[in-house]
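Chain IDs A, B, C and D follow the sequence of writing; residue 1 opens each chain.
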Amino acid sequence: MTRGAKGWRLAARLACALAVATLFLFPIYWLAAISIKTPEEIFAYPPVWIPSGFRLDGYVTLFRDGDAWAVWNSLVTAGISTVLAMVIGFIAAYSIVRYRTGGDHLAIWIISQRMIPPICVAFPIFLLFVSLRIVDTYTGLVMLYTAFNLPYVIWMMRGFIQEIPLELEQSALVDGLSRWAVLWKVVLPMSRAGFFATAVFTFIFAWNDFLFALILTRSDVITYPVQVTGYFGSQSTFWSKIGAMSMLGVLPMIFVVGTMQRFIVRGFSMGAVKG
Amino acid sequence: MSQSSSIGRALDEQRAFKYLLVAPAVFVILLIGLYPFVKLILTSFQNITMFEDDHSFNGFVHYARLFGDERLWESLLHTVAFTAVALPIEILLGYLLALLFLDPMPLKRLFVAVILLPTVISPIVAGSTWRLMFDHRFGPVNQIIAFLAGGEVKLLWTVDPFLVWPAILVAEVWQWTPFMFLILLAALSNVDREQLEAAQIDGASWLMTFRKIVLPAIAPVLFVAVLIRALDLFRLFDVIWTMTGGGPGTRTETISVYAYQMAFREFDISYSSAIAFLVIFALTALVIFALRRVEIAR
Amino acid sequence: MPNLQLSSVDKFYGDVHAVKGVSLEVPEGEFIVLVGPSGCGKSTLLRSIAGLEEISGGDISLGGRSIVGLAPRDRNIAMVFQSYALYPYLSVYENIAFGLRARKFSESEIERQVGWASELLAIGDFLQRFPRELSGGQRQRVAIGRAIVREADLFLLDEPLSNLDAKLRDGMREEIKRLHRQLGKTFIYVTHDQIEAMTLAERIVLLRDGVVEQEGAPLELFERPRNRFVAGFLGSPSMNFIEVEQDGDGPGIRLPDGQIIDKFEFAPEFPDGGKLVWGVRPEHFSVASGSSADMEALIEVVQPTGSRTFGSFTLSGTHVVAELDARAQIAADQKASLSIDVERTTFFSAETGEAC
Amino acid sequence: MILNRTIGAVASAAMALALSGQASAQSSAERAVEAAKQYAGATLNVFYEAGLQPLDPKNFTGPMWEELTGIKINVIEAPLDEMFTKIMQAHRAGSGAYDVLNVVPNQMPDLAFAGVLEPLDDWVEQYGYRDELATIAPVYRDNQMMVEGTTYGFPDDGDVLVLYYRRDLFEDPDNMAEFKAKHGYDLAPPKTWQQFNDIGQFITDKYAPDIYGAGMLRQPGNAQYLFQERFRVEGGKFFDGETMAATINSEAGVKVFTEMVEANKFMPPGVEQWGFIEAFNAFLSGDIAMTISWPPVGRWAAGYGKGTEALAWIPETKVADKIGYALPPGGTPELAVGFSLAVASGSSNKEAAYLFIQWMNSEEISLQRVQLPFALRDPFRDSHFTSEEYRSRWSNAGDYLDTLKAGAETGLLDLSLIQTDRYEEGIRQAISRLWAGDDPQEILDDLAESWDELTERIGLEKQKRAYLDWAGKPNAYPN
C-alpha cells in the first residue's frame, strides 16, 4: 500500500469515527441544551439547536427547592452499597475460588440470582421491607443494591482471583500472615485493577436503578431517576427540570468515563471474557 | 494433645474460615433473593387482590388464568420479538464500530469515551432524552428527517403504532451498542494476528477468514455478551416506562411493564405473582438450555 | 532443638493416597533433598511441613513439638517457591521485608535484616525496583532473600531452580549450597532433577508413589542403590540394565549376545535357572587397552561432548550407553573392545528389582 | 412578586381571623384551628401530586397552619400516575406513611372499598362543617364526596374541561361576515359539535398554517375524558343498567370516534399526540383558535401569575387579552380528574389530619388557595366564583369564573366503578387504535368485549351495584 492510500484510509476512518461519536453524543448534548434553554426556546418550533445563553435557572431551582437532595440520596445509596457489595462479594468470591466452597453449585446459584428480572420479585421485596420497617430509608436501598450487585461482584471477582498465582498466597502464609490478612494484603492488591473496575460498575448499576427506587422510596430517600420521572406532571411537564436533573445524574457518569475509562472498558470486556 | 484431634481442629478452622467468608453474601442473597422467591410462590397460590387478603390455598386458579390472558402473551411476544430485533442490530453495529477502532488512530481514547457514554447513563435519563428527541414538534429528529427528505414531516414517534417500536429501538440501540462495541473490540484485539496474516498469505477470502478465524476466536466472548444483553432486554422496563409507558394502548408493553401494572397499579398481587413465577421459570429453563448448548459445543 | 520429625505421615486427596506413611528425621542444620519423579508426593510432603496442606494422618514435629494443626505462620519456617511468588505490587525491598512486617519487626530491624540479606545475595543495587523489572536470576535471589531474612528454623525450597536456564542454574546451585553453609540452618529442598539432588544434598530422600524408596548420602544412593528404580533415577545418562544369565556353574555371566564375563570375585547368586538384571553405569565402561578387554561391542552412535565421549551399542536388543574417555579411539560401525569396572556394578532381581 | 404579596396578604388575613375568632362566633376554619392546637408539635404527612400542586401546602398553607396550630406539615409528592400506587402501597405496608391524602374522585370507590380511606362524617358533625360542605358547587358536592352514602373526601378542585377561544378572531368583522355567509349562522362559541367543526374548518381554511381552527387534547390519557363527555352528549350509555353489558360500541360511540378523527384534519399536524402542555403551549403562542382544557389554561393564557417563579417555565403568552371562555359544545363539560382531600385510615393522627383538611377546604382558606396563581387548584365553591377579588384578577376573569360556575352545574362525572382504571385503560387503548387508523366500529366492539370480560372477572353483581350507584348520581349523564 502506498503512503498516500494509507493516509486516505486513516482520514476516512477518522471521518467515520467523528460521525459516529457525534451521533452518540448528540442526544446528551440535546439534554444538556434543554437544561439551559429558556422556556421559549424549549417550546420553539422549529426547535432551537443552540441555546442563546447559559441559563442555569433549572439547576438553581433544583438546589433551591431541595430537589437536588435526590442526587445526594443516589450518591449515598450507590456509594455505600458499592462498598458493601465489594467487600462482601470479594471475600465470598475468594472463598469460592480458593476453597471451592459450595462447589459449582454455590457459584451457579449466586449468578442465577442476577438472571431474575427485578420486577418479578419487586412486590415480595416490598413486603419484606415493610416488615423490616426499611421502606424509604437509606438502609433499605443500600441493602437492596448490595444484594442485587453481589452476584455480579462475585462473578467478576471470581475471575480476577482465579488469575492470582496460588503460590503468592502460600508464600504470604508462610511469611507470617493469617488467612484473613492474606486476603487484604495479597489477594486484594493482586486483583485491585479488577476490583476497581467491578466497583465502578457496581456503582453505576446502583446509581442508575429506577424500578426499585420507585417502589421502595416515598420521599426521604428518593433517588434522582425517580425524581426525574416526577417532573412529568399531569398538567405541567417541567422540561427544564427534567433536563437539569438528568444532567445532574449524567455529569458524574461523564466524570467517571473521563477519569476511569480504562476500568470501564476492562469491566465490560472482562464481564464477558470471564463468563 | 493427640495428633488426630489437632488435624481435625485445623480442618475445622479452615472450614469455618471458608464458610465465614461466604456467609455474609449468602445471607444477603437469601434474604433479598430466596425469601421473596418463596413468598412469591406462596402468594401465587393465595388470593390477594386490592380488596381481598385471602391467604388460604387457592389452587392453580391464577396459573390457569395465565393461559387466557392475551395481554400477557402479547407482552411476552413484544419482549421476545424486540430482543430478537434489537440484539442482532446491536451486535452488527457493535462489530462494525469495533472494526473501525481496531487499528490505532489519533484521539482513539476520546472517541471511545464518547461512544461509551450512553451505556453508563441511567436508562431513565436515556428514555427521557429520546422522548424529547422524538417529540414530533419540539424534538430534533423530525427536523433532521425533514431536512434530509426535503419537506416537512409529521412523524408521531411515540404515538403511531408503527413508529413507536422503532423509536424505542433507536433509544435501546443507542444506549447498548457501545456495550457490544467494547466487548467485540476487546475480543477482536485478541484475535491472533499471525493467523490472520497466514490466512492472507494463503489467499483466503474475507468471508472465509471471518468464519474460520475471527468468529471462532470471538465466539465465546460474543456468547456471554449476547446472554447478558438478552437477559437485560428481557427485563426491559425503564426506557419504555419513560418513552411510552407501554402505550399506545398496550402496544409497547413488555413483560416487565405488564407485571408492574398488575402488581402496582391493579394490585392483583396473587396473579402478578403467578406471572412472575412463569417468567422466572421460563428464563431459567432458557438459560440452562443455552448454557448446555454451549458446553456441548465446547 | 529444632530437628524435624515426620512419623508415618499420610495424605489423601479424596481417594488418592498421595503420601503413604512417610517417616523421616531431619537433624538441625542438615541439607536434605526430596527427589523423585513428578507425582511422587515430594511437593505434598514439603507443603505439609509448611502447613499449606493438612496431613491426613501421622505427625510432624519440630523440635519435639507437634506442629500439626498450626497455621503456617506459627511454624517459623521460610519457603522459596518455584515461581518465586514475589508480590508484583511491592518493591524488592518491600518484598524482602514482607515477612518481617507481618511479624511486626521494628523498622530499624527490618532495614538491618534486608540490608544483610541483600548484601549476602548481591541484590543491593535494585532494592527499589519492582519484580517485573528484574531478570529471572535476580528474582530468584530476591525470593531467597525474602526467605532468609526471617531467621526461620527451617528452610523449604520447592524446585527453586526449575524456572532458570541451564547456565544460571549451575551458578545458583553453588550459591544455595554456600548459603546453607553460611546460615547453618536446616534446608529441605524439593526437586525432580537428580543432578540437583546429587550436588546439593547432604542426604537424599528418594520418593516414588508416596513411598520413600531409599534415603542416604548422595554417593551411597548412587553407588549402592537399593533397587532398580533408585539406580535408574540417579545418574545421567542413566544406568544400563542388561539381562544376564549364569554361565554354566562358573562365576561368569552370559550377556544377551552370548559374550561371557567372568572376572567377578564374588559371583552373584542366580535364582534357579533364572536371570538377573545387571546394572552397569555408563562410566563403568572404558576402552580396553591391550588384552584387558572384557567384551566387544559394535559401536552404533558416537556422541563426543568434549570432556567425555558417549558410545552406544546394542546387545541383542538391549540398548547400552558407555561413557568413555574423550580421546578414546572409537567410531561408528566399528568394533570396540571395552573393559568394565565390575566391582562397582550392581545386580538386581529380575522379578522384584531389588538389589542383590 | 405577586406570589409573595398574595401570601403575605392572605396570611395576615388568616391571622386576623384566628385572633378575632375567639371573640365572635367561630367559622369552621377557626374551629379546626382551635381543635388542632391540642396536637401542636405533631407532624402531618400530606400526600400531593408532584409538580406545582404541592407548592400550596409547602409554601402557603403549610407554614400558615404551623403558625396557627404548631402542627408541622410535611409534603410528600408523587406523579399523578403513581399516586394510586403509592397510596395503596402505603396502605398495604400499614406504615401510616401518609396522614392526609389527595384522592382522584373516581378512584375513591376503589380506595374506600380497599379500606384506605377514613370515613369523615363523625368529624364533620363534631366540628360543624356540614354547612360549609353544602356550599361547595353542586356537581362536586353531590358526586365527589361520598361512596355509598359515606363521606370519604372533601371535593377540593374544580377540574372541568371548558372551551377557550380567541375572541379577536371570533369578533373580527370580516370573519363574522364571511362565516355567516358560508354557514348561515353567527360566528360564536360553538354550541354543538357540528358548529365546532364548521368554525374549526373555517379558521383553518383561512389562517393555516399560522393559525388552526382548534387544537385538542388527543393523547389517549387526556383524550379519553373528551371522549367520555362527547359520548354521553351524543346520548351514549356506558353500560346496560339491567345486564351490565357494555354499550360503549353503540351508535353514539361510533359517531364520536368517527367525528374525532374527522376533526383532526383541521387541527395542526401531529395533534394526535397533544397533551395538556402541547395544547396549552399552542394556544398561548396563538397557533390555535380553540381548545378544550383544564382551567389553568384560562388563567395562565390570560397572563395571571406571570412573573411567579414557579411559573417561569411557561412561555410568554401572546394572547393575554384575546381569550374568550365558554362551555364546550353540548354544554356539559367533563369534570376530568380533580382532587378530593381525604384522611388515610392508616394515619396515626387522624383527627389532626381531618382538622387540617377541614381548614384547607373551608370557605376562607380555600378561596385564597384557588387564587394562588401556581397551585393548580381550580374554583369549586359558589363563593369562589363570585369572589370580587378573583373577578378583578384580569380583564375578563369574571367571564372565566362564570364559565367555570356553569360547568360546575352541568358538568359530567368521570366514569367511576370498581377498578375504573382498567376500564379507562380500555378507552385509552381504543383511542390509540383510532389514531392508528383502525375502524371505529371494530375498535369499540373489541372494547366492549374487553369491558364485559373485566366485569365478569370483578363480579357482575358487584360491579353493577357500583355502576348503578354512580349512574344514579345527578351528573353521571346529561339531563
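FYI, a contact is a pair of C-beta atoms (placed from the backbone, for glycine too) under 8 Å apart; a residue touches a chain by one contact, two chains touch by 3 or more.
For clarity, every value in this text was computed on a predicted model and none was experimentally measured.
Student: With centres defined by CA atoms only, which chain is the most remote from subunit A?
Tutor: Chain centre farthest from subunit A's centre: C.
Student: Please state which pair of chains has more C-beta contact pairs than any other pair.
Tutor: A-B
Student: What whole-number Å value describes the gap between the mean CA coordinates of subunit C and subunit D?
Tutor: Each chain reduced to its C-alpha mean, subunit C and subunit D end up 95 Å apart.
Student: Approximately how many whole Å separate the CA-defined centres of subunit A and subunit D?
Tutor: 41
Student: Between subunit A and subunit B, what's the gap in Å when you average each chain's C-alpha atoms?
Tutor: 15
Student: Counting only residues that touch at least 2 other chains, which ones in subunit B make the list?
Tutor: 14, 137, 264
Student: Please set out, as single numbers or ranges, the residues of subunit A touching at least two other chains.
Tutor: Within subunit A, the residues that touch at least two other chains are 42-43, 127, 179, 215, 229, 232, 239.
Student: Note which residues of subunit B are touching subunit A in the complex, please.
Tutor: Subunit B reaches subunit A through residues 14, 17-19, 21-22, 24-26, 28-29, 31-33, 35-37, 39-40, 43, 97, 100-101, 103, 105-109, 111-126, 128-130, 132-133, 137-140, 143, 174, 178-179, 182-183, 185-187, 220-225, 227-228, 231, 234-235, 237-238, 241-242, 255-256, 259-260, 263-264, 269, 272-273, 276-277, 279-280, 283-284, 287.
Student: Report the residues of subunit D in contact with subunit B in the complex, numbered from low to high.
Tutor: For this pair, the touching residues of subunit D are 81, 84-85, 88-89, 92, 110, 113-114, 219-220, 269-270, 272-273, 278, 419, 421-422, 428-430, 432-433, 435-436.
Student: Using the touch definition up top, name the residues of subunit A that touch subunit C in the complex.
Tutor: 165, 167-168, 170-179, 181, 185-186, 189-190, 192
Student: If we count contacts the way the header does, which residues on subunit D are in touch with subunit A in the complex?
Tutor: 49-52, 74, 76-80, 82, 86, 89-90, 92-95, 97, 275-277, 281, 285, 294, 296, 309, 312-316, 337, 376
Student: State the interface residues of subunit A toward subunit B in the complex, per the touch definition above.
Tutor: For subunit A paired with subunit B, touching residues are 10, 13-14, 16-18, 20-21, 24-28, 30-31, 34, 42-47, 49, 88-89, 91-92, 94-96, 98-99, 101-102, 106, 110, 112-125, 127-128, 143-144, 146-148, 150-151, 154, 179-180, 183, 204, 207-208, 210-211, 215, 224-225, 228-229, 232, 239, 242-243, 246, 249-250, 253-254, 256-258, 261, 264-265, 268-269, 271-273, 275.
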